[in-house]
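Presented below are the structures under discussion, each in the form of structure tokens.
Same chain, two partners: subunit A is paired with subunit B first, then with subunit C.
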Partner chain A sequence: MSSANPTTADQDALLRAGIDRSLRHPVMFFLTSGAAWLAVSIVLGIIASAKVHSPGFLSGCGCFTYGRVFPAHINAFIYGWGFQATFAVIIWLMARLSRKECTAAGLILTAGHVWNFGVLAGLLGILSGNGTGMPWLEFPAFTWPVLLVSYFAILIWSFIQFRVRPEGHVYISQWYLLAAMIWFPWIFITVNTLLHCIPGHPLMAAGINAWYKSALMFLYFTPVALGTAYYLAPKVTGRPVYSYTLAKLGFWSLAIIAPWAGMQKLAGAPIPYFLPYLGAAATVMLFVPAIAAAINLLRTMMASPEILSASPSLRFTSAGIGGLILLGIAAVFLNLPDSTLPMTQFSMSGYGFEILTLYGFFSFVMFGAVYFIVPRVTRREWLSRRLIKMHFLLSIYGIISVAMFALLGGLEQGIGQEDWRQPWEAAATRAYPYALGTTLAWCVILFSNVFFFFHLTLMWLRLGRRSSHPTLLAVTHSHASPHGEEGDIDNAGPGHAPAH
Partner chain B sequence: MSPSNHKPDLEESINVSEVHGSVVREAAACAREKRIVDNGIEPVSLWAFVACGIVLLIAGGVLGGGGSLFAYGVTFRPGYVRAPAGGAEDTGPVAKAAMAAYQSKGSKIFSAKCSGCHGADAKGNGSTYPSLAGSAYVNGETERFSMIILNGLQGPVSDGKVYGVMPPQGIGMAPEDLAGIMTYMRNNFGNTKGDVVTMEMAKAAIEISATRKKAGSSCSSEELTADHVKPLPGAALDPGMMLDPITLQPAKAP
Partner chain C sequence: MSLRTFILGLSASFGIAWLTIIVVPFLKMRDLAPVQLSEATDGATGIFFPKRTGRVADGARVYAENGCYLCHTQLIRPTYAGNDLYREDWAGLKADADRGDTRRETTAYDFFGEKFAQIGISRMGPDLSNLARRVETIYAVGKDPSQWLFAHLYNPRNEPKRWKSTCPSFRFMFDEQAIKGNRSADALPFGGDENTELVPNSDAKALVSYLMSMKKDQAVPVSLNFSPLKKAK
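After this line comes the complex of A and B, so read on.
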């Protein structure tokens, strides 16, 4: 930008501002309603987690039994928060990267309302006892076509934008986002057809369901998060992506390995003998795409340490990449068929691994994107550095605790379950302190999301700061103005302040 | 309008200060953005390759640990009998008192063969299916009771009333099943005989049934009264004696 003609640069900025403006309502709708579902999910998660150590908690009412609250918690997280965050990020990033304004904001917004209606109906279905009992697909069967149709109505425009983009090479983020956009319908249609429309052997249905969980994590949420991180890291630092070769390795290894993972959860079940071993080996190998992307992104971000420490987007994104590294290591150590795998099949550690993926990695990158996108689409800056810091610190403490308590507690629980000479109760006793810790950690995460939701709502209401200076985490005292850098809009021109 | 408007070397179609002003007002965040450069060609460090190599080796080990992956004989073994798990000797099923062991066999037979007509509470329906609770046939002599189960019954029952025809149940019934169902019925639904019909007695009942004069046809109350009003031969069993619940043989002392 610095070398370009200033007028061209200005016009370019106006084009990008126009793209942002065209997407303001759908993006803010998905983010705010996603954040609201996240809060609902966390409250349900606290109730479900409390029932692991205190079974009598809220046991008077049928809709608060563990068998309903736990699926409601995880489904609200995935379809309420996870998918809506990806929608906001995909439609915004694909428009920006294809340099096209969105012309279907009204339709996307309508489809977004339909999606939310589907999620609400599904959750009420679960809580009223009409869940299907299929993990991550507990919504009553009538919801899946609703969700699928609204998915297409929301994202088809990003395909079209990509199709009519200006000539030129396709950026790394676009590989990941396009792949995720295509993979999800494939997974979702396959699984729902095989489970609802032409149900086969129930044992194989359990295997398909286990594959769905893994595929949703590694073929949808992971590529969206990586595509977003590949956008944020070079965009905010202004540095080139560390290694293009490594980016290609990371993408293709994910595309080749991830579809095989998942069925190791049925190790020991009489399904075709090679499937669990293949699933375990593929999950172990997910370390490769994880570490390739993590090295690439961290090296890109660490090329500008001062920006990394000041930018809220990068702080969340780098924490998410840290989660990705942990995820890659956990994938290796939790899937060894002769030692750890039997302990993760029926214990809390499977849940810990999923929460590490969905929150420790995916959600953190999404938070990073939220802190980048929202000031652009609302044309207001974030109100408070402290609110962002509280959100970050409480989230990071919370997620590290949840993941560690559930992973390690799950292993303890698994050891108890494997010892067949002890009564089953012994496994619960072993897991008790860890389950208690998980509940407390979810409370911390709930607290962090109060700050996030409050801040985001103020931004949604356009109550953000009117300023040309970003809200950064680092406090600098280098300027002379008594009003600070965050002065009125006329105080500074473009390009003077560091990006965030 | 600021003075910068008057610079001579700009084309007149673009009003610089206007464009610039609108950027400052509306696109401040966009204007300070940097361009993405993705063509980094830094070398990938060796330790990353080594780490990935180690992980691929582990993954290979996982896959190799499955042995021959398409050998279904490993998971599907015909005639497989569970071997005692390592670390402790297999003590077999936990012994039960004779009364409980016989009754647990009997309750399964009852829900499979009897409750369909006589009801889960064995009260019948008063018109086509008689009640078994308090029935003189059930609580009376064991040989008469066993003949009804094995061969069925036509005509009036113990209360003198005529209900529907009871079909024979003896086909394929093993002695332990017959003993179980008789013990179960004589000690449930308000019946409190307190004795166990043993396997030995049931075996004798099946032999008697095969040597009846009208073998193969249903019993009638006349035949029952004429030939079968006696207890089945065989030694009585202490209801509290500990038995193996599967074989119904006396359990070994633990």
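After this line comes the complex of A and C, so read on.
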């Protein structure tokens, strides 16, 4: 973006500032309301997790029974936090990369309110006992057209911006974001039509539902997170992406493999046999796009180790990429039809895998984006490096614990389930200590996000530092101020970190 | 690459899988034809199209709304996919008084009357495919099986040997009401005082009716029977 010609550089800076200003309210709306749903989801997650080992906890009232709190937890996470984080990131990144100001902020904000209303109605529906009983689609059936229409009203503008952009390079981020924007409505319309509108065989409905979970993770949340990471890594370090070929390989292998994954959850069910085993094979093969993207991004970031260690955005993003590597490995080891699949098919490890995807990979990259985007749209810098560090450390500790307890506990539980000579209770007893550990780990995640919510609220209230010099994690003694020397007015360009 | 080529590429990579594993199987499975029985192999003529009795649709709704599928499955996998068939009382009964070994894997006909097969996502609790068989012959010997299920739903840790169960209590599906004349036939054997009793509400009744239809171990035609021939006793 930097140019030798100072007038072009100034124009660039003005354009970026204009884009940021045009998107300030929608982006901050999605991030703050997303964070609020994240808080709701984590609290519900703690309640649900506690009930797995202490069934007497809050058991008097129907709305707090495990079978309603758990779906509320996971749906609040996905539709409340996950989707709204993607909205904020997509509208901002697509505007920046297409170099177009947003002209529909009012409509996006309205549609955002409708989306939140849909999520609220869906959650109340679940808690009041009107859920559909289809995992990840538990919201009562009337909510899906509401969500779909507001989805289009929010993201159609980004697509238009891409179409009318000045001619130029199409960035890797844009491949991923466009793909996610196109795949999601296709998936969502297919699944809801087949499950709610057209009567079919009940087992095939369950199969489609299993496919939906996988498709949402790998054809929506994964491409958005990867698109974001492919923006942040070169942008913050100021270096080009390590390998364009590897990026292509990662993108197209994801596009070709991921749509086949998901139905391995129906292994052994009386549906056509190729469906679950094709699903298992595809999930195992997801290792390829995961590792291709992870290596490419890590190599890009590690080209500037001092920026990697100082930038909050890169610290979260690189941790998310670490989560992606773990995810790729877990996808292989949990889904081998002859050994592990029978044990993991009906155990806690499924939940561990989902949380690893949604929090350990996706949310970490989103946090990285939040730490990058918010200072730009609010024109204020983050207040405290300590709050960011606490958020990071406790989140890492929490997510590693949740994922490990659920993945390993699930395997342990699966061994018990498959040992048919032992009474059934033995399997439950094996899972018990891991369930206890999961609850504690969720508490840590809640604690970590208290720092995030507090910090984000202050930024939302525009109480951030009125400096244009970014808040970095490294303490450099060469500067008089703990936040570094005061920088230039434009805080959007690549060279934020002190150019050593 | 132009945007058009790019979108075509995305649509092709996604669309082929979408057609192959979603749309075509959905349409193929839509109308499951009854199986024609053959006199020579099945010892009967006519068709195999098992029906279930009880409030299946209502009960399935209560089952879904209260998230039973989070901890219970309804799927007996063939032996290549898991060891469910070997358990003595999951896939049927190992030694039914009249019928001998009734264990079999789940068939596509077992979800009659339901919109969505609750095969489940996790097994914190046991599989329920043949719950009613277990209740009748093992858990509630000499008692009314529905009564046993009501008491179990009210408090899954009611029986001393089940103290470790982590199943939630569904006491919110029971109402306390004044006794007028005789006690209600459905009333729980515990709870209430001299003048009041605990009775299941309509949700609990629908759920128990649905659970009592969980007897997925009837004989299947040879074309659906993948178990090795059982030795005559």
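Keep this in mind: the second predicted complex is superposed on the first by the 478 of 500 C-alpha atoms of A that agree within 3 Å, B and C clash if a C-alpha of one lies under 4 Å from a C-alpha of the other, contacts with A are read in each partner's own complex, and residues count from 1 in each chain.
One rule holds in what follows: contacts are C-beta pairs under 8 Å (C-beta built on N, C-alpha and C of every residue); 3 or more make two chains touch, one makes a residue touch a chain.
Keep in mind that what you see is a predicted model, and the values were worked out from it rather than measured.
Aligning the two structures on subunit A places subunit B and subunit C in clashing positions. In the superposition on chain A, no contact is made by A:Leu38 with either subunit B or subunit C. After overlaying the two complexes on the shared chain, residue contacts for A:Pro234 are found with subunit B alone; subunit C is out of touch. Of the two partner chains placed by superposition, only subunit B is touched by A:Ala13; subunit C is not. Legend: residue contacts after superposition of the two complexes on their common chain; A:Pro270 is shown touching both subunit B and subunit C.
Residue contacts after overlaying the shared chain place A:Leu194 against subunit C, while subunit B stays out of touching range. In the superposition on chain A, contact of A:Ala88 is made with neither subunit B nor subunit C.
Once the two complexes are laid over each other on the shared chain, residue contacts for A:Trp420 go to subunit B and to subunit C alike.
Using the contact criterion defined above for the overlaid structures, shared-chain residue A:Gly62 touches subunit C, although it does not reach subunit B. Judged by the touch definition given at the top, the superposed model places A:Val52 against subunit C, while subunit B stays out of reach.
Of all the stretches 40-48, 94-102 or 202-210 given for subunit C, the clashing one with respect to subunit B is 94-102. Comparing which residues of subunit A touch subunit B with which touch subunit C, the overlap comprises 270, 272, 278, 337, 420. Within the complex, the subunit C residues that touch subunit A are 1, 3, 6-7, 9-11, 13-14, 16-18, 21-23, 25-26, 28-30, 32, 61, 63-71, 73, 75, 77-78, 80-84, 86-87, 105-108, 111, 114-126, 156-157, 164-173. By the touch criterion stated above, subunit A contacts subunit C in their complex at residues 51-56, 59-62, 65-68, 70-71, 129-135, 162-163, 170, 175, 178-179, 182-183, 186, 190, 194-195, 199-209, 211, 219, 252, 255-256, 259-260, 263, 265-272, 275, 278-279, 337, 341-342, 345-348, 350-351, 413, 417-420, 424-425, 427-429, 431-432. Subunit B contributes residues 10, 14, 16, 19-20, 22-45, 48, 51-52, 55-56, 58-60, 62-63, 65-66, 69-72, 74-76, 85, 87-88 to its touches with subunit A in the complex.
Those residues of subunit A that touch subunit B in the shared complex are 1, 6-7, 9-11, 13-14, 16-17, 20, 171-172, 230-231, 234-247, 270, 272-274, 276-278, 280-282, 284-285, 287-288, 291-292, 295, 299-300, 332, 335-338, 375-376, 379, 381, 420-421, 467-468, 470, 489-490, 493-499.
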